[in-house]
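Below: a set of structures, written as structure tokens.
In the two assemblies presented below, chain A is common to both, partnered first by chain B and then by chain C.
Moving on, here comes the complex of A and B:
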């Protein structure tokens, strides 16, 4: 039979430049791209089908056989599964954005070598998406507490954290296609899939969840090929010297957009929903996988070609120590808004947090002790009531402006185009100023729900259980007692409000000659 | 205790407008992944726009209008796992048969067929499928629901599969049949007068059409029923065995299976946008009819030069003109049944 090499070479030759129509890419890029580069994939359809079918058989065979008979979903740690409830609807959207990215790249990158890789990746992404949805449904059917698994996909659009996930993953396909590839393949799939699919696999297993590891490891087995796609795309872009200045700007932006959402999310899942069952912390893994491996080795190896460590990496390092804990605190404080329950932070868990993050108790310990008291509806209080001023939402990343710590937040408020905008950090402000058109008409969570009572939000957003009165969300994972109902919420008389309404003066951002924005007082 | 939930939880996704009592696996793993303007995911229009300021999805990406694109269901209900399993089986069958007959390819296949049809024509078809793959894949970015996108993605993969099956077969023939050389296919595709109308058509559909709905209609209701039917299915699939070519026959049986599935989802798509409860049904019907009108004559024109292939085969009992006429009649029947028969 013919060799794979000859088959591969012949397949690549089935490519031509159209001459009967003026082929204008549907998704034009600002980048110059060479016609020739190396295909990192070297995978033909025939081999791909066999390989993926074998993986599918192993994965779904497990679901159909062992998991359906032994029902471990019903025995997994209740607190851990709440984290999966939160994460899967968000991650599934990331997979879909990744698939869309490939359909743009195949049109834009006029290079036969890379097209085969893009198609295979699109099929992989559909695979991951379907696997994650299958897993979500598995839990809806079998978990001891299915509520939330059944509707997470529906209610995520009105959730303050899932909306930020949407903004993060929009970058995979609502962008210049090359910047999409940077966000997806060079940052997300090279830097962040190990923490997501490997670290969480370990935590899941330690929490008695035997369904998630199979799915996540099967997904991860495809990711190396995707990061190879990213490396090949990056190499192609770097081969044109004119690309370098804009590449660095886009790369800086891609890194920050992923970091600003993924790291707090991962940290919360790992350190809080993981219930302190790992022998390491999320920050330690971040230092190893993101700082050392990705920045140190991967990006370091590209420095001779002109690519530098992301400009905002130093900001990320500064935020890393506490941002996950701050995100956890805000997510817990806003618990009635969610489609998952908050697991109680036990004394043992607090000890693990303090040991893993020395100084944690001093900043966060009191909050969690108070939070544990407020799990009883008879206390008639939610943590949000205790805030004298609610945090703004960041126009760029859509997260609350509370990082790295609430009392040390680097929030700034500006006005532009007749609207007020808050930013959680200097990088988010800078990114907004680079492309203000990307936020025209967009509304953040508290702008949509400004003036609406908490009770109305919960009822209209499908956040009540089947009895029509018990909340999906709870500040604990206990069954059958201490469950908050809509009547308890009514008594709180709590209204959602947009704190930007109270801002009377905000420095104005004005357009510069190059289309970017700068503060008026800084303009000569 | 302030009020434990007594009602039973649904134990399934509660947000899917399922066709049956419970969501099918196909519905559960595909539906409501993609945001749409105004739905749960998009509430408040809160998300990123492109650097040019456009939203992630635009109703104007197609002239067709539908109140809920998420009503679409692929009649074959394919999601990734069954799709991969099905196509992996097809590929194993093709590979195994090719291996089994490799030693006898030189003696079993009629020499005229081998050179005139397989080497000089079938090899060129790998470019046709590759071109349509590019067009359908990039168009899928804009489609307005996840279920439509799934069908477009699988069809995209089908076309690359066929393109590569042709390549694999050509290489097997080159290795086993002295004098067989399909490396001239690219030159023929780019320069031979026989293929220029076909190449023009593939390029116009894949690189000239901006409306994703038009891409679907042009490929699946115009190009395939006529060009693919006459250019490979009726010519090579039907006549291959008579000339000792069992491999081409098997490949094209598999392709025909894909095409039936693709036509079925496209028919479902057209039925959906022209359904009695769709406010824009009449306008949609007119638009689809206009597309059928635009691309059908071009498909007929594109395959006209292929008449000489039929003429060189004594075993081709049905002349080219008749094969083409039957294909046109069948295509008209399909579009007439859909109420979008715009061909004059």
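Moving on, here comes the complex of A and C:
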């Protein structure tokens, strides 16, 4: 048997430089990459394929055999499964973006070592997507309330939060390929997959869901190799001093764009759909995995080579304090728009939230008390109607401009190129100004649905159950009582509108010589 | 499998889980010396159980441990932690070295820290019993991380003493060590009685995992006696970087004003790091002293800053480090954000 090294080298020797065609990358990168670098996938030849085959056999075999016989999905906490209903279609889009990222990198990066890693990762991402779709199918067949598990993939583009998820994960394949690798492998797969695929697994099990952990742990076991791809890519980029200035800017942007969506999403899943059964809060995990491990150890080890902590990390620390709770409140207030149900926040759960986030009750307690009262359709009110002003949507991250707290939001409105743009924060405005061409023609949720009645939105977006009357979404998880129907929605007489229409004055952003934008009054 | 060598001594297999690698270790050999003899690398420092740099987890098997209780607190020992420099196997063992954060290349490359010859540049009395010893590397530069230490071989003896660098890591051609003079100590006697500029001293290193961790959190530093050394190095590096806006509060515990030193250096650091607050704490203050009084933990407890969102760096005698750690954790600092380096004076360490 040849040695591992020689067998692996043989695979890489399949690489060749064609003389009969002039290969121009379809997705050119601004970065210079050395022809030969470290090899992040050294185990590929001997172990990778057999190991993945074994994992798939176990996973799908386990589903079919144990899970369908004991039907644990039917016994899982109803509220928790609504969180999975919300999250899986979004995470699946991330896998799709991750696979596209690998195709771009293979096309662009002329380096046999790195390419071998990207190719294997592409296979992984496709497997993960299949596994997550299989999990959705499992819940659609076996969950106590399957409705919504069958819609998520169809309606996620029209959901205010899932749409922002798409904008976030677009960063895996829309930009310079190396920046995409930073977003995916260095930020998402190094900083965020531990909370997503390990800690969330614990919350799932604590809530009686034993199907999600099987899939997530199987996925997580590939992530270490993906972050190794990121490290190898980063090391290759750092080996060329010319790359450093643009690398830092791209890295700053990648971090912020992932943070703004991933952190509220994870906090909502942990702290709200987790039902207070976890012994730790999401923010504590964030301190450990993002601040200590990722910044402290990972970036810390690259600092001597010139990489700095993302410029916007301080903004993120400030935003972390309350953004998950604000996101949960806004998502609950807009409950009829969704493809999942909002579980009631019980008094015990409120106590957990106050203990985990001292000061929580003062800001959010009243909302949830009121939310629980409004679950009955006979109250003829949805929380959205109680908002004095509808929030803008951020042009950059596509989330409502409500962070960190609704009444302390860092929102700003600007005009550029004949359109008005709201930004949720200084970093989102700055990122827009760096690449304004990226947002030409993009439509935010309220721009698409401006002037449409809530009833029409629900009917045309297929958010009704099979009886043609009952809403998929509900403000509680009770089976068979207090169920809202389309008739109840009709009575609300609620219309979606874009609050930017009412803005008359907004400072102008002006194009600079280098293509970026700046405030008009700031220019000399 | 347990086996015997030709001479009848028992030999055990030590397997390092992460790298699937097994090496042999004789019954009267520490796991660390067996690893280095077999040309693989495990992190280590003082080699007498004082620094904790060689901590690993024993996954399977059993060892006889001779570590001081300081570097291996009971709760860690109960959780399966051992110090490989103090562990003699009594059966085949499997160890998990994840905490050392070793790459495969580093592991299989063997011990890269080699002895280097240095030249003594100067010895300066900082207090009645603390000296600053400056050594120059004449041949090749030594890169180190602020917070690390070296082992200095006592001239004329086959033993070494550990001292932290007190200068910043930008100095790659020289190191400054702050040495506490122990009555009757071998190295102390050398420094005070024999040392002459130009003497050749053999230095091994750098060692140790103490280093400023990248973070958004503010920093509290607590030093006792000669424990100020690594903290001075870290502060120098923070000042050199200039990019940091992290607040730093430095507590320096001493007996009397005569035991305070490096005050000019600290004042200079404050010019470069406006967010640096310096709190000297005296147990026996002179008349008219308006600063903090008592042991250093009294001053920590009385200080108006809320420590809960801080990273802590502690260096000094074990009792001070333990007390400061307990107090800070009690005030909300996350235990994993307390980085400590206790110096155990060799003369006081129980013999293995």
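Just so it is clear, the second predicted complex is superposed on the first by the 519 of 524 C-alpha atoms of A that agree within 3 Å, B and C clash if a C-alpha of one lies under 4 Å from a C-alpha of the other, contacts with A are read in each partner's own complex, and residues count from 1 in each chain.
Note that in this section contacts are C-beta pairs under 8 Å (C-beta built on N, C-alpha and C of every residue); 3 or more make two chains touch, one makes a residue touch a chain.
Computed from a predicted model, the values in this text were never measured in an experiment.
K.L.:
Following the overlay on chain A, give me a clash-or-fit verdict for chain B and chain C.
P.N.:
fit
K.L.:
Under the stated touch criterion, which partner chain does A:419 make contact with: chain B (first), chain C (second), both, or neither?
P.N.:
Once the two structures are laid over each other on A, A:419 reaches no partner at all.
K.L.:
In the overlay, answer first, second, both or neither for which of chain B and chain C A:390 touches.
P.N.:
In the superposition, A:390 contacts neither chain B nor chain C.
K.L.:
With both complexes superposed on chain A, which partner does A:405 reach: first (chain B), second (chain C), both or neither?
P.N.:
A:405 contacts neither chain B nor chain C.
K.L.:
With both complexes superposed on chain A, which partner does A:314 reach: first (chain B), second (chain C), both or neither?
P.N.:
Touch partner of A:314: chain C, not chain B.
K.L.:
Figure out whether A:210 sits in contact with chain B (first) or chain C (second), or with both, or with neither.
P.N.:
Neither chain B nor chain C is touched by A:210.
K.L.:
Looking at A:100, would you say it contacts chain B, chain C, both, or neither? Reply first, second, both or neither.
P.N.:
A:100 contacts chain B only, not chain C.
K.L.:
Please work out whether A:378 is in contact with chain B alone, chain C alone, both, or neither, and reply first, second, both or neither.
P.N.:
Once the two structures are laid over each other on A, A:378 reaches chain B alone.
K.L.:
By the touch definition at the top of the document, which applies to A:443: first (chain B), second (chain C), both, or neither?
P.N.:
After superposing on A, A:443 lies in contact with chain B but is clear of chain C.
K.L.:
Specify the partner with more touching residues on chain A, choosing between chain B and chain C.
P.N.:
B
K.L.:
Write the angle, vertex at the C-alpha centre of chain A, between the C-alpha centres of chain B and chain C, to the nearest 10 degrees.
P.N.:
100
K.L.:
Determine the nearest approach in Å between the Cα atoms of chain B and those of chain C after overlaying the two structures.
P.N.:
24
K.L.:
Tell me, which parts of chain A touch chain B in their complex?
P.N.:
Against chain B, chain A makes touches at 1-2, 6-7, 10-11, 13-16, 18-21, 23, 26-27, 44-46, 49-50, 52-53, 56-57, 60, 92-93, 96, 99-100, 102-104, 106-107, 115-116, 119, 122-123, 126-127, 129-131, 133-134, 136-137, 140-141, 146-147, 150-151, 153-158, 163, 166-167, 170-171, 173-176, 377-378, 398, 435, 437-445, 447-448, 465-470, 479-485, 487-488.
K.L.:
Under the stated contact criterion, what part of chain C meets chain A in this complex?
P.N.:
Chain C reaches chain A through residues 101, 213-217, 243, 334, 336-337.
K.L.:
Can you tell me which positions in chain A touch chain C when the two form their complex?
P.N.:
287-288, 291-292, 295-297, 299-300, 303, 308-309, 313-314, 317
K.L.:
Would you tell me which residues of chain B are touching chain A in their complex?
P.N.:
1-15, 25, 28-30, 32-35, 39-53, 56, 79-81, 84-85, 87-88, 91-92, 95, 98-99, 102, 126-127, 130, 133-134, 137-142, 146, 149-150, 153, 156-157, 160-161, 163-164, 167-168, 170-172, 174-175, 186, 189-190, 199-200, 203-204, 206-208, 210
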